[in-house]
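Some structures are shown below for you to check.
After this come two complexes, each holding chain A, first together with chain B and then together with chain C.
Presenting the complex of A and B:
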């Protein structure tokens, strides 16, 4: 679409001055940001070693952008205007966010949120005010009465808010703001916010647009970016930023407090494997493996050693967990969805019942299941022993009561977690399948029935193919969810670490332990990226299979 | 209608701005930290010993300006009762310590990953000024520069002496990793100490016809054989009843290793010693309880609930289990010393310490708080709850501890303390979490029957020694 351009306004003295001023401003800004980057590298401004490279990188990017913007602005190139505005906007918002942080806004909000419950009763005042104001609408035929009600309602709401703010500490906040603004740091941030904001505004206003012959399309682009800016900033700050930061960390030996670049060493440690042959199955392979390697598994006399044995165990456990939970939560869900899709009275209740585990918190559910699984006082063993007791009434049957250590045995611990997770995911998958089933037109089944198709044939040749997109969605989401399993082993088999002999150690639990128990943040980040690639590969295979399946 | 909408928009805008302003000042304090209520004051007998009380005027505070300094502090309580006591103590000290305002932040309990949260806060720069850490973490925190070396503060304080506290914890708290000497540094002061004891269900033991372990201990006959006989007799009661239970934690199998004359580390704590003959003998005994005699709650299961439900004859745990047992046990219970193995009854000496955040803005104020929190009267006040044994070598504090009953046989803890216990400690030459992970997995494998003791012996130190490469 061709953009509508506005003729460049003749360069008046004041416009020329502004252009030159902004050009100079960007040159200075580039210099300032470069200086900032240098100071950060000297350790002058930022204490945390870990953040230093990131801060330097950002400052240099800003400096380069500013350096590029300067000549473009001087030439009255529209790209220069956009670049200048973008840079000034980001810096203004950045200064403002830091200023609010320096003034204690974020911790203050935390404190207010912590204590809000004790003031929550005041919200009744807001409700009353709103109801009174709304009551005025019943008197549209008497404007004075209507206005009276609305005024009263608004007054009550405003008074409630004011009272609430006073309780929250508005006067103290005002005083804190005034005293907080007296430090050079906060004053600098305030100045930065105003100056960058002003620089942004100077080009944003119509006069600024005319200097660059910017048309409606430019205005639309800027308006669009401004509208999405809050969300975009949030995305960059809390998602993309940390994601890239973790990628950077994975190339360091970060322990949360200091970090040195070590290249691919973390990844090398993760993937280092060694093959050795033992003379006999009884031989201890660790004696043959290089220092730092431990036996991972063996096939006959061939032994695979790994530098990080636990990572591979965790990856294996995660894969097993993922496979079985996907299978046990998807297939039964398909069956249950078919049953729930019938028009039997009371089916709505069953649909709700099946969905309940999905909305329950994983931690809460895990704690309950932990008790159910207790070998001594758990209901599961109790139930089994009750059944054994009943069977023992039969002639010739003499079964011994069991005390299965569900979570304490290496053989059953992971299976126990699988069972619980499958139970919890079943409801959600059922609802997805149910939605898929209900989107299949009934006429199709009617036609098939008339043609003599049996129940199985209808299911095999009609339901399953028509449910393929739903099945793909169910399997994919379940796979991704289960590959990130953490809460279940963390809560149910807490000590030591990953259950009996690492039987329930999963990839995310392992990276958590590396990062937060052992201060190995760099290594944990590398594990996280390996897991990401693993999930990505599995999902990609899924997509390929789905495409092939869909084309058949 | 438009006017109404405009008005509501204004009200909303003002509310947001007001909230922003209010947040800048932080929320008003939850409660005034005025002088403590009279009921919160300690009993007269728990008054601070004159020699133990630090002289406030002697604190090295050249910059001790009258301006109030706010000190945030945290410890890991086990239950609400402990939180309440610590809050009372904080309020009391807030009134006593001039120029210092205290904010007590109860940390999460053991299951709430107290240390993980603390590490994260330290990395973010939001950790409290003073906090408690377990003894095993002192090296990690100290060598990373996360906690303050208090030696200069201590040296400048009249009345302070390292020897006021049990020497075991103080060995590690005064250890200088740079030259391997003691006394040049001071990483913290111990909050409390604890030892293991066996919590016994007297009803079950009597029902099983086994001799009273307390009487056997008094006669010096409470050894591994007697312990096994009791466990077998109780298990033979049948049903869900087991003779013994302990949780999956390094210290529990470690008790048997210690009592067999073994240990986790070599003498200089620079290598694994879990495969020594003595250590293996301890693990063999523990393994026998689980895999041969089948007298124990499966290793890895939480043994406390079945014990509290009256299904376990003897439950191995520290002093911290006392409040829960008092609150929940519906049977006749007591404690007894740990049974003697070939090397005697060598329990653990557990401890944790109050340390000062290296980034605290007011080290002098933080030091004053650490001193106050480890005073005999304060320790006595906490001991009255039953969860802790005072870390200060003080008759007064011990008497306060012994006065807490049930259990009737509190002396068992003190006896274990006096009987050359193995001191829980950090690894200055390696990574304790790495060592713990490697050791814990192998111990679990043996005690759950997934691995033989020979496999354990062949592998455990190969894996655990990697902790010393970190």
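Presenting the complex of A and C:
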């Protein structure tokens, strides 16, 4: 940061006192945080081994920052003010969050959910209010009527919310929270929040800014950090922190209670393969493979064995799933989007119709399809048999009715999941293609039509090349989604999922089973990172292409 | 003139072809939902039918002597008549001779002996269908027969003239049915699985996640778009990078974090970690960057605070962008399954969400698809309603950003 030398404004006695006070405060704070770090290393405050180094590190960083801030504040350096404010803000928010936790606000959400159960029907009021407000849009030619409708709608919605909050016991809830302020721990946290907040506020007010001769520039910096703060705190707590934690876990044998560092062993176990050759194709290869290895697959007399056989099966299944779902959802989507793009009336209705599977959610759809796939009473076999019946009318065709055990057979189970997933993604991809098609100027086609290009020629030599960016986007998006397939096999195959005989075992399902059925959470984290590398590769290609083709 | 009419014909054929393809795809798309909806309205006796039937049917009945009895079509003296089943008779097996399948017999089950014993009864394949083999006594001879069907006999009476009765095997008569919608499944499923509580829980979670995400991304998006502070651009790059990181990497550490702070099995774990979004922040930033600077500068010179400028200038202008983000967040919160599955115990009825209940329900009520489909209908209906109300934002949202 460029430090500008602004003539220091005359400092009144009270301001000087404040600056000295805050300097002293930071010296004390540095001492306190140092003490806290020491206490944590002694194992006095934190039971969890995993968190201890992190907590010590954070406390030490805070102590050092506070130590740096103290002399800067004394010299009335602008940077000192920013540093002091930042530190006090973080500590105040930290205390507040812990205070809310200690008062039981987070776990109290369960109670709120219980109350909401009794009063959720009041949400109808919101819907009514919304509809009344929306009704006003029909009277755009009469502004007073429109405003009346909107005011009425808004009033109904506001009243509904107020009623809901009152009936759910907002006042009692607040009182209950406040009544928790009795233990020394909560009172201490409250004190911390107030003191840190006060220290922050003393520098934040315009008087504080003037003491440091800070101008508009600093005000903007502070606003910027304040606006980003909620997002950033959440990001650090629930994203960046867990992400690093996950990487560390993948080097441990964590079982969710205790973890010890085992280096790369998880990754070695995942990737260990062994090649042996057998004399005859009928020979059992597991005797030839080293201990812990099982036969994965064989090419002629060459046998590949793996230490974690199911991981490779899962990876293979996931790849097959990705390939077919992408193909089966993208190609029909391209066809449908081209038809929808012709200016025929009624297209909006079809467009909306095709989108419904995307909004229905995987679990609901999987539950429905499970019954469609039933081999005796399912509609899929019924439909196929109807078609067979029709074909049998043709001379020379003699087909036998089928009773395909879709999900129960090793041969068809994965295909069933592919069919369903492609069906569900079709509408989404159609809309992506449609957006791409609509960005192609119509004049190009007109010129080609006048030149005598046929429909197919126009599609092959104009639409397809012009649609290339969209196509890449569709393919990569579908790949990223399908690489993470989990719910479909989990819901549709019998617990714990992945059957029959691992035919529908996917990478994320395997991760889940390792992590939550067997509680090999370190191993599961390593599987997650391996899978992440695959997804990351696809995403990277997507970002590259997106940049090349410009804004999509 | 002639050219013109051939042009019209061509146009018409294009229309028919286009509508034809679209309708076929449309039917394929919508059929599973029709199946869901109609099955949810079926009576328990109407479900396991082969071949399957889409619409729900209920047997037609008539009042006979203060009792409601079902109506059947019964063949009587060569004519088909409508008769009421007034009494169920004894069970019968319909059997056909192995040597001459046209000869059929009706027997009470205890008069037929299974070939090979009850545990390992032999069977033969007749016309592609496996049939069980029995032995019966017929005119003093032991005959080998195969089973055609089993059933009950019933006593049928003419509803107009109750004296006129006839006994028939229930296999030989056709029940008279009409399309009927039975809503009792919805009532039952709400009670069975605490599905009503799951519904309100899902609503609460979804509402709070949407509100939280919109709030944090408006604040963050404004900071990234309009305020200059050290480290902003680097931070923004990091945010963009996080969009590339899939949720699977976070499953294990987030679970352990929830264990650590005691949020396992708590509603809080479904809401609070999910109100921060890199993607939403990114979207809001992109939208805010397009808003002319003069608008806010005028307000700032008038002495308005940044928060006030954001609330009174930016938020009203960002209506469509906020609506788009809200609708998508709604969908993901409503349909999210993996995270609730991990943190909420499936045995904990009070903190379940719909996706989780549905999964449990389809395991528990595997023998009554009507109940499962009623639950699914409830889970699908709300997003469908939101989709109908906010369709514009869905389509525009995907078209402009391709978010998923």
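Couple of notes before you dig in:
Criterion: the second predicted complex is superposed on the first by the 341 of 552 C-alpha atoms of A that agree within 3 Å, B and C clash if a C-alpha of one lies under 4 Å from a C-alpha of the other, contacts with A are read in each partner's own complex, and residues count from 1 in each chain.
Going forward, contacts are C-beta pairs under 8 Å (C-beta built on N, C-alpha and C of every residue); 3 or more make two chains touch, one makes a residue touch a chain.
What you see is a predicted model; the values in this text were computed from it and never measured.
When the two complexes are overlaid on their common chain A, residue A:369 makes contact with chain C while staying clear of chain B. Within the superposed three-chain model, A:266 lies out of touch with both chain B and chain C [touch as defined at top].
Of the two partner chains, chain C is the only one touched by A:101; chain B is not.
Touch criterion met: A:535 reaches chain C, while chain B stays clear of it.
Applying the stated contact rule after C-alpha superposition, one finds that A:516 touches each of chain B and chain C.
When the shared chain is aligned, chain C comes close enough to touch A:357, but chain B does not. In the superposed model, A:484 lies in contact with chain C only, and not with chain B. By the document's definition of touching, neither partner reaches A:274: not chain B, not chain C. Once chain A of one complex is fitted onto chain A of the other, the partner contacts of A:377 extend to both chain B and chain C. More residues of chain A are touched by C (comparison of chain B with chain C). Within chain A, the residues touched by chain B in the first complex and by chain C in the second are 48, 106-107, 109, 112, 114, 256, 371, 376-377, 495, 516. On the side of chain C, the complex with chain A involves touching residues 14-15, 18-19, 21-22, 25-26, 28-33, 35-36, 39, 47-52, 54, 128, 196-197, 199-201, 203-204, 215-217, 219-220, 222-224, 227-230, 232, 235, 239, 242, 244-257, 259-263, 266-268, 271-276, 278, 281, 306, 310, 331, 334-335, 337-338, 341-342, 350-351, 355, 358-359, 362-363, 369, 372-373, 376, 379-380, 383-384, 386-387, 389, 391, 394-395, 398-400, 402, 404.
If you check the complex, the residues on chain B that touch chain A are 4, 7-8, 11, 14-15, 18-28, 30, 111, 113, 115-116, 119-120, 122-123, 125, 140, 144-146, 240, 242, 247-250, 297-302, 305-306, 309, 311-312, 431, 433-434, 436-437, 440-442, 444-445, 448, 450-451, 458-459, 462-463, 466, 469.
Those residues of chain A that touch chain C in the complex are listed here as 1, 48, 51, 101, 106-107, 109-110, 112-114, 116-117, 120, 123, 130, 220-221, 223-225, 227-228, 230-232, 234-235, 237-243, 245-246, 249, 254, 256, 332, 335-336, 339-340, 342, 344, 346, 350-357, 359-365, 367-372, 376-379, 382, 385, 400-401, 423, 426-428, 431-432, 434-435, 438, 473, 477, 480-481, 483-484, 486-487, 490-491, 495, 508, 511-512, 515-516, 521, 524-525, 528-529, 531-532, 535-536, 539-540, 543, 552.
Chain contact summary for the complex, chain A toward chain B: residues 47-48, 100, 103-109, 111-112, 114-115, 133, 150, 154, 157-158, 161-162, 165, 167-177, 180, 255-257, 284, 286, 292, 294-295, 309-310, 371, 374-377, 403, 405, 407-411, 413, 493-502, 513, 516-519.
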